[in-house]
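My questions all concern the structure below.
All chains are identified by letter, namely A, B, C, D, E and F, in their written order; residue positions are counted from 1 within each chain.
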């Protein structure tokens, strides 16, 4: 089990309407335990998963959005967000949660986990993967 | 149970990819037993349900398209097909099954079950309904 | 007013069952009558008593059962959809030669006619699904 | 080649389970190895032995069980997804204090780690869903 | 007879809202629920379509679903009515027939 | 590394195919399966999008799914390769990584 593969978890759905966003978080956290090269991408309505200020009391579901802040602790430090998807929805990175991770190789400097990329850049990133799981 | 209500079964999905087309047929046939005023509408990918020449051996599912021909015997004689949906898909009424019913009030004359209507006409038809079930 | 509510999706995968349950509760609070909840397609999966969601999550099946117990709501599972998906009451399991059943309290299995009859008897029929 | 196949939807509502099973059969015919089939989300509903589809319809659960028996394919049901949806093996039912189980022969319940491990061990991981 | 159209999917993902608006008649109501609420946020690609539709249709949105998705009330297109589940029930009762665009 | 993109939804219903084509790189493969096969029929609103994409991408379609939906082979856009389940398996093996647009 010493193989390290490149896993990409691709998220394309809004949260709460379906279970995919929650399950994606679950499996990403598990994948961290396998010490793989893991990143996440947020495309289309998947960008809504990262919106600030989610409050789920009214729909009776658990608010799982705080979990995104914990991803850095599991070495999940690359959350690619497609710029074109944000723009189509009238959103900017300021509407998203402020997610950070601490880089131990850089004197524990705080860095942004969210990386806004163009479609072309994301296409390049996708092409480097060995396993892509879509949610 | 002598009430007669206007029921519309609205079909918007291609057949076989999901079970909705099949279930719609099932419930329409049941509704006939209740002697209601029943019609069906085919909108968006629902128009694919009526395409000629469906052959399902390769996917291992039952071909339920012959059932549409039996609808007339159950007094389901109005199958509204939205013109705009056909056109967007490059289809014409000639691509659809030739569905007939016999009008007992008109000396058993054979009449077309498929009625191609514009969006505006369908909107009028929808507005006259008392129960709309979507598939 | 009398409502019939159709539920097309099972619990947890889609929000449909949640919204349907919230709608039913709100309708009761407003003094309306729920004539029937009809579980169709994957909606039949609301009616298994074997679900064990995480402790901090809502328990949709228990929510339905409670609505049936407190308000006498008729929870009907479509028999053909149930057979395809493995939702069985004791009688049906026996008839099919199966060694287990899984229907939850408050639910009953019946035919699609119950949906049409609900539509006829109710002032409004509303569908929740994917 | 070694394949891991993920199935996200239950039988009959969506074509996903059908396509996955056709894919698995075709891969075996081509001489490939199916390392694992992982049933996730509503896909866990493939693994109940209580389904009774109409006689003229395909029986998807039996199709999976047969693949497990003939080709030794590892059919894994995600435990968290199974608990939410009421898919139980005898041990898990006991642990949860339930009076019945419904898992079909050839399936086993395990964690999400089995999916990741499948992805690591296989040459290709392919997902079927809605 | 006026219909209450119920849309539970995002217009960015599916054609449900577009089909609904094509087939809704003046005087009908539309309520956005579940993932459909994202259409109520201003500034997106479909905001123009919604604003056009509001000339003829009364559009509502389910507040609890907006909150869950982090869409604050001040982002909602002006003129869209934010309702709770009780308000949703009232709308179903007020219009003659509900139609779910699934 | 070239991806095999798998699209199982109709472009008339959902955005899956559009997103796939936006994010597919030259040299990638696309296979249309299940309800996605309707995109392979010529003469529809999305036929132009498919034909454009074929300049850079190899597009295949699952024959059994075409047959089920009554789309005859002579309606399929020229240049799209019709394959059976075995051919689908071959494509998954041929490309480096499959990606399902669900």
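One rule holds in what follows: a residue touches a chain if its C-beta (ideal position, glycine included) is under 8 Å from a C-beta of that chain, and two chains touch if they have at least 3 such contacts.
Everything quoted here is computed from the prediction, not taken from an experiment.
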Review point. Can you list every chain that touches chain A and also touches chain C?
Key: D, E
Exercise for review: Please find the path from chain B to chain C through touching chains that uses the fewest steps, and give that number.
Suggested key: 1
Check your understanding: Interface overlap for chain C and chain D, more than half of numbers shared or less than half: same or different?
Key -> same
Practice item. Please report how many Å separate the Cα centroid of chain D from that of chain F, as a whole number. Key: 26
Review point. Whole-Å distance, chain A centre to chain F centre, using C-alpha means?
Key: 27
Check your understanding: Using the touch rule from the top of the page, what residues of chain A touch 2 or more other chains?
Key -> 12, 16-19, 44, 59, 61, 131, 134
Revision key, fill the gap. Multi-chain touching residues of chain E, meaning two or more other chains, are 8, 12-13, 15, 34-35, 64, 84, 97-98, 100, 102
Revision key, fill the gap. Touching at least 2 other chains, the residues of chain C are 12-13, 15, 22, 41, 57, 80, 125, 127, 129-130
Check your understanding: What are the touching chain pairs in this one?
Key -> A-C, A-D, A-E, A-F, B-C, B-D, B-E, B-F, C-D, C-E, D-F, E-F
Check your understanding: Can you name the residues of chain B that touch chain C in the complex?
Key -> 1, 3, 5, 7, 19-20, 23, 26-27, 30-31, 33-34, 36, 131, 133-134
Revision key, fill the gap. Within their complex, chain E touches chain B through residues 1-3, 15, 19, 22-25, 28, 96-102
Point to revise | Residues of chain D touching chain C in the complex | key: 10-13, 41-42, 45, 48-54, 57, 61, 80, 83-88, 93, 96, 98, 100-102, 130
Check your understanding: Can you name the residues of chain D that touch chain F in the complex?
Key -> 1, 3, 8, 15-16, 19, 22-23, 25-27, 29-30, 32, 123-130
Study note, to complete from the structure: Per the touch rule above, chain E residues touching chain A in the complex are 8-10, 12-13, 34-35, 38, 41-45, 47, 63-65, 67-72, 84
